[in-house]
Amino acid sequence: MSSAVLLIHCPDKSGLVASVSDFLARYHGNILHFDQHVDAESQVFFMRAEWELDGFQLNKEEIGTQFELQIASRFDMKWELFFSEERPRMGLFVSQLSHCLFDILSRHEANELAVDIPFILSNHTSLEPVARRFEIPFFHVPNSKDIKQNAEKTILELVHLHKIDFMVLARYMQILSAEFVEQFPNRIINIHHSFLPAFPGAKPYHSAHQRGVKIIGATSHYVTSDLDAGPIIEQDIVRVTHKDSIDDLVLKGRDLEKLVLSRAIRHHINRKILVYGNKTVVF
Amino acid sequence: MSSAVLLIHCPDKSGLVASVSDFLARYHGNILHFDQHVDAESQVFFMRAEWELDGFQLNKEEIGTQFELQIASRFDMKWELFFSEERPRMGLFVSQLSHCLFDILSRHEANELAVDIPFILSNHTSLEPVARRFEIPFFHVPNSKDIKQNAEKTILELVHLHKIDFMVLARYMQILSAEFVEQFPNRIINIHHSFLPAFPGAKPYHSAHQRGVKIIGATSHYVTSDLDAGPIIEQDIVRVTHKDSIDDLVLKGRDLEKLVLSRAIRHHINRKILVYGNKTVVF
Amino acid sequence: MSSAVLLIHCPDKSGLVASVSDFLARYHGNILHFDQHVDAESQVFFMRAEWELDGFQLNKEEIGTQFELQIASRFDMKWELFFSEERPRMGLFVSQLSHCLFDILSRHEANELAVDIPFILSNHTSLEPVARRFEIPFFHVPNSKDIKQNAEKTILELVHLHKIDFMVLARYMQILSAEFVEQFPNRIINIHHSFLPAFPGAKPYHSAHQRGVKIIGATSHYVTSDLDAGPIIEQDIVRVTHKDSIDDLVLKGRDLEKLVLSRAIRHHINRKILVYGNKTVVF
Amino acid sequence: MSSAVLLIHCPDKSGLVASVSDFLARYHGNILHFDQHVDAESQVFFMRAEWELDGFQLNKEEIGTQFELQIASRFDMKWELFFSEERPRMGLFVSQLSHCLFDILSRHEANELAVDIPFILSNHTSLEPVARRFEIPFFHVPNSKDIKQNAEKTILELVHLHKIDFMVLARYMQILSAEFVEQFPNRIINIHHSFLPAFPGAKPYHSAHQRGVKIIGATSHYVTSDLDAGPIIEQDIVRVTHKDSIDDLVLKGRDLEKLVLSRAIRHHINRKILVYGNKTVVF
């Protein structure tokens, strides 16, 4: 089934729900999902509407133009339009740890993720065999503090060449520069292995062990130039006890990382996420 | 702030969202919450709309009439209308266990529950001092298999006399007859101390212990004439291990029962629940 | 049933388990629980042994002396001995929020907590009626930055006069001075309304809302002179979404605070907690 | 590091802990883990002791004989002895669903599971490419009600030929006969896609959807001749709402199945599980 998704935010006002739903009804759009939210503090209105394209009396090219003309312009709306038929293209960035990579690739193969994966990119070569096994192109782009500028230039070329829509840092251990990150707002998803804002930065499992917490977590967020401080998409946790060594935390944490990252990717692919300020609305 | 809530369900059709939101916009209703859901299997449409009464250009008496006339009749809608100012009246049924009773009364006193409690009713007298401490009338209505008919007659009189809107069985250990229950569809909330449909009936903690489960649960549901099989409102669980005796399960379970029952009561009071078939939509 | 509990920690060495279990077996102690843990990093051994006093061939006065003489001195053990018959005396500190107070008192009344509560102490008078309802002495000791020294002098006198074994800060909004706290190591339990180490200090729900986290938490810990940084006893969490306002977080958080604090109190009363460095072993 | 594990159960009696720990101390065994549990109802004692072999003054061949002679015979103990160096051999049974298979194989490749996998066996051929990719022998053994007897004969031969220690049914959709199952008590691990004892048998996600539960689960258990009723090893759950279709339940459930099954396998491999009656003690 072919559908369209509208993501909208604008200053809150009376009549917003009616205006958008009228627009869809006027062209005989059969609504599949219709979610709205008002942030009471900032008085911002958020909406996600998904409807069937089959039977809709505007063709794909006209929808955006007509929506802007008839509705968006009146309410000062920021909006995005997506079609379920157009699979986004996801660039996968990894380092040496395989668990998130395997998890994403096996979900992809089982048709859990409606996405194309034009390449896997790593600063090491150790996961190349995994990429080969799943028949996905693998690029080795060495990266480190000293050569970051050159590395990011190469990455940028690959991203453009392969028409990447969004990137996933699946335990990619390099920090991307502000210059790079700012070119892709809300288009780079990271998994951080702690319950943010607790334990940002390096070695969170060590810090968690030292602090003696009874629960550890993982956080998936959009990358901003502020390290581990971007808009949070999804978090989850697992209990630990004094019996758990750092190695146990790493092992338990891996399961969280896989779960949390894959949920975040799915929300992104399904166009369920609206970012406002430094927060997300996940419908 | 004074608001109105519409709960609607009807056969799914194009234009439902637009029609309801138009109706509200026409009279300058400022929407606070607007949730809809379509059950894909049964093709039933569900909606909950909440809007501010302040500035709404229909008075409270006209809203229902006009909504029926203009909208509901066209779409074969079943609907209910509630006003936030009208606090529902909740009858509390208990037996000898105090934990749910204390929990509800302390929440009530802390203004967590926008509800009036005209009475506490029990088949025992042991919790009368608790009722007295919170200054709520207490009725002792002995009940058991043999005298159920008379007991329920008394209960019915109390319910009508005190204009009870809905009842909460806060570990009330008696089974209400089908005749009684059928007079109050979706208006009697029970807490069952298991993860239904596992372990219905008596002594679920004993059964859970014997089965060796690693997780126990609690379930809050509307009471129907079918024991522990009514529409589920809320469930939650907690981990247990081989170390937990039946007494430990009872202790851990109490915390679940309190949480799950109080969430169900809050959803009911806030008019968040729609029942269809034997299932709930909780917006 | 009357039982004794030994809590032990010492440098790890071969033969520790055998020595302690031999000691208990020698006097015909029937072991109820026997837990041990070795912290691999610090090479510290922890043990909790609980056994029936009935039939044990040392009387209560001799146990400690003989254990020190025969076992502890050989292994450089730090140990504590407790008897189930001796109910600890718990001082309850509150401010204006009632939820934790009600929760603790109703658990106490339902015999969930084997503890005596000689007094409730508050820097406000608003919860005095609750104390009266449960027939527990209430002391109003005004406290604030400026008068802290005097207030703590009064508190200290009350603690000594009433032979308080440990204190529980059940949302007591005052910070106790280092001088005060250091007199009661591992004997003051606090509940902090965040998932520490995230959001220490004031207004954690506001901070959580602003950061846009998808999960909030509560943490119970022993109080040290380092604010919100003492050894963690218990933590738990609940999911939140963009729909949850700060008020919703406060409401959901209350349920966590009650649960987490009551579990910590129960662990403490049941002598399940060993503190080492800034971490806890909870058997 | 090379270690030994003793799993013991016997009628409860004084002196059990002392006897076993004395035995280990006598030969200078450095204890790594020492867990015991008494089932109060059945008066059965359970123990798991793990100690370093390095420096232990009995060689591997003598340990069992001496333990039986000196300790086990006196207390009527049932015991098993394992050595960490001897990796168990796991037979993997699958059908057409790939998620559990991918999960186990990627964990195996990342050294999360200290186990050998001599073969993957399926009643279909669709997952053969996955086996090939991980370079594990794949056997296609067609199976169905009518040919079960022959199929199980073939399976039995493969199990014996490859010296399989235990089998994992990773969403293997065939029911093994009582004759087969009874030859491998506590050596066949299954994953059932519901929160047992709720929804045993076929299509649990459909049943859960129809019942309108708010939480779904997965259960890993040892297979007995009684369908889905064997000793439970591990369970976990995830929240669902009215928004979740059956397909959504299937998708969410997959993540549970992977987690729960892998935890059960790890417990089994690490010799953490004792089965008594129809229940497990998982240390």
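Just so it is clear, A, B, C and D label the chains in written order, and each chain counts residues from 1 on its own.
One rule holds in what follows: a contact is a pair of C-beta atoms (placed from the backbone, for glycine too) under 8 Å apart; a residue touches a chain by one contact, two chains touch by 3 or more.
All figures in this text were calculated on a predicted structure; none of them were measured in a lab.
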| item | value |
| --- | --- |
| Most widely separated chain from subunit B, with each centre as the mean of CA atoms | D |
| Chain copies touching (subunit C, subunit D) - same or different residues, decided at half shared | same |
| Separation of subunit A from subunit D, taking each centre as the mean of its C-alpha atoms, in whole Å | 36 |
| Whole-Å separation of chain centres (CA-atom averages), subunit A against subunit C | 41 |
| Multi-chain contact residues (two or more partners), subunit C | none |
| Complex contact set, residues of subunit A against subunit B | 14-19, 21-22, 24-25, 28-32, 34-36, 38, 239 |
| Subunit A residues touching subunit C - in the complex, by the definition given at the top | 37, 39-40, 46, 195-199, 211-215, 217, 231-237, 241-243, 245, 278-282 |
| Interface residues, subunit A side, partner subunit D - complex | 98-99, 102-103, 106-107, 109-110, 112, 133, 251, 254-255, 259, 262 |
